[in-house]
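In order of appearance the chains are A, B and C, and numbering begins at 1 in each one.
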Amino acid sequence: MSWIYFFDLCGTAVFALTGALAAGRHRMDPFGVTVLAAVTAVGGGTMRDAIIGATPVFWLRDPNYMIVILATVLFTLIFIRRPRKVPQYTLPIADALGLALFTVIGAQKALSLGLNGMSAVIMGLITGVGGGIIRDVLCRQIPMVLRTEIYATASILGGIAYTVSLKLGMDSKTAMWLSMLSALVLRLAAIRWHLSLPAFDLKTKRE
Amino acid sequence: MSWIYFFDLCGTAVFALTGALAAGRHRMDPFGVTVLAAVTAVGGGTMRDAIIGATPVFWLRDPNYMIVILATVLFTLIFIRRPRKVPQYTLPIADALGLALFTVIGAQKALSLGLNGMSAVIMGLITGVGGGIIRDVLCRQIPMVLRTEIYATASILGGIAYTVSLKLGMDSKTAMWLSMLSALVLRLAAIRWHLSLPAFDLKTKRE
Amino acid sequence: MSWIYFFDLCGTAVFALTGALAAGRHRMDPFGVTVLAAVTAVGGGTMRDAIIGATPVFWLRDPNYMIVILATVLFTLIFIRRPRKVPQYTLPIADALGLALFTVIGAQKALSLGLNGMSAVIMGLITGVGGGIIRDVLCRQIPMVLRTEIYATASILGGIAYTVSLKLGMDSKTAMWLSMLSALVLRLAAIRWHLSLPAFDLKTKRE
């Protein structure tokens, strides 16, 4: 299953990057940056494994994840020093890529453990959005996933696409590419054109 | 144990409702609403199961929980559209009901796994307040459970009442009703008359 | 292993104290204080055990932890009533002590379960900073560990010192004292002289 593993490490790197960039906006020291990058990168998968009961969780059994995170943090600290050097959409696009990758990885892991389709979609969602939620909570922001245009929606679409493709008999690699692309395209389109579903609005002075 | 199961699904629905209403006050899209409703409804029980080691957690083994949450979200999105239609105390009262139900469910589950009385009270507390804490943290508020009049107190009372009633030889169903009512009445009384225990106050400029 | 156990209960008490003092700055009622103290004291170790898969988690198998927390809360509520009575550095120093103790406990537990050195350092970090992170998130602050001078750094130093000392053949008790002291001294020095590593700063108007 080397494809899945390669995607997993790529997703780890891009989410670690989003965590490190967020840390840089809060003036953290190098070890604080590392902690936030690691939490963002493996937070979702850690929640997934703890919920499924796949313990010790994945990054305790395979040191490559931590090595990828450390390398990403070093890269970020060395090469991304001046604010102007980071193009405006770097963080949202890296985040979208991580979202698409991790969603499919999470759904794949759930199915491989014999869980049903609905659970697989939810596990994809947790893997995809969990790390970003922890990152945003630690930086004291309402999580991007809850507030932003078509974010959870893109992850759920990717999870459903993957599960249904496999049910329809598609081979694993094609299903993976297709579902990742569908989540990624939807999320990037939402970023580019500020697409959003109609909001549920109860804003009042109540409570 | 159909009584317990029925109460559990009712608690899931009311906590999902409080999550959806909180989402509506932050203008989230339908999938964001669903995520916040689900996290509020199963967050406490998920923490409980991960801490006890009862994995895969309960809602992965029984799809009815997610179905109840989806139905509650649909109901909320369709029928509760205009702010004025939600009476002032809807959220606190639904929350109090969920608190009482989940406290007893959590304590019951801990006892059924052979944990001692103190652990059962704590597990009741985690099940009862965990989801609401996550909901409030995600909406960037100091959790209601920590800040509000007699909230954790009501859950702890319910857990102690349940554990002691069983120890005294009461039958399971009566103990359940009695302890749920005691937690619910205490919490509702606290809401109605703004009851509170004397606060521990160290408010200073320190740090 | 009575030394480790004794240190663990001491760390539990000092972290419970930091939680109770934080609760006092947000005017919580006695049960809210207890919840925040407990979450701060056992939050890191609970995360560690859930991630490793050592469930039911430690405080469910040994009631002494909860007894220490309740005693600490009672002590705090009774003896620390007026703000002026708490010297300025009480909270940071207690926090530094808990950090050093829990870091070594966590690394020790990971090694005793056969995990490798890097995982032991990370488990020490999670045990040491996890509870404080939850405490700060619940009080709606960016966690001290991420924002403060040389905090995660001190924990990582302690974990590395412990792991390397054991690898070099030092006996368990000496390694424990040495590594705890190294983390504690570094953290206290950082508090006293406001030491910090150069921050990673990307503060811009982006996003």
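We adopt the following convention: contacts are C-beta pairs under 8 Å (C-beta built on N, C-alpha and C of every residue); 3 or more make two chains touch, one makes a residue touch a chain.
Worth saying up front: this structure is predicted, and the values here are computed from it rather than measured.
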Shared numbers divided by all numbers used: is that above or below half for subunit A and subunit B, i.e. same or different?
different
Give me the rotation angle that lays the C-alpha atoms of subunit A onto its copy subunit C, rounded to the nearest 5 degrees.
120
When centres are defined as mean Cα positions, the distance from subunit A to subunit B in whole Å is 28
Identify all positions of subunit B at which a residue touches two or more other chains, and write them in rising order.
50, 53, 55, 137, 140
Across the complex, what residues on subunit B touch subunit C?
50-53, 55, 115-116, 118-119, 122, 125, 129, 133, 137, 140-143, 145-147, 149-153, 156, 196-204, 206-207
Listed in rising order, the residues of subunit C that touch subunit B in the complex are 20-21, 23-36, 46, 50, 53, 55-57, 60, 63, 66, 76-77, 80, 83-84, 86, 88, 91-92, 137-140
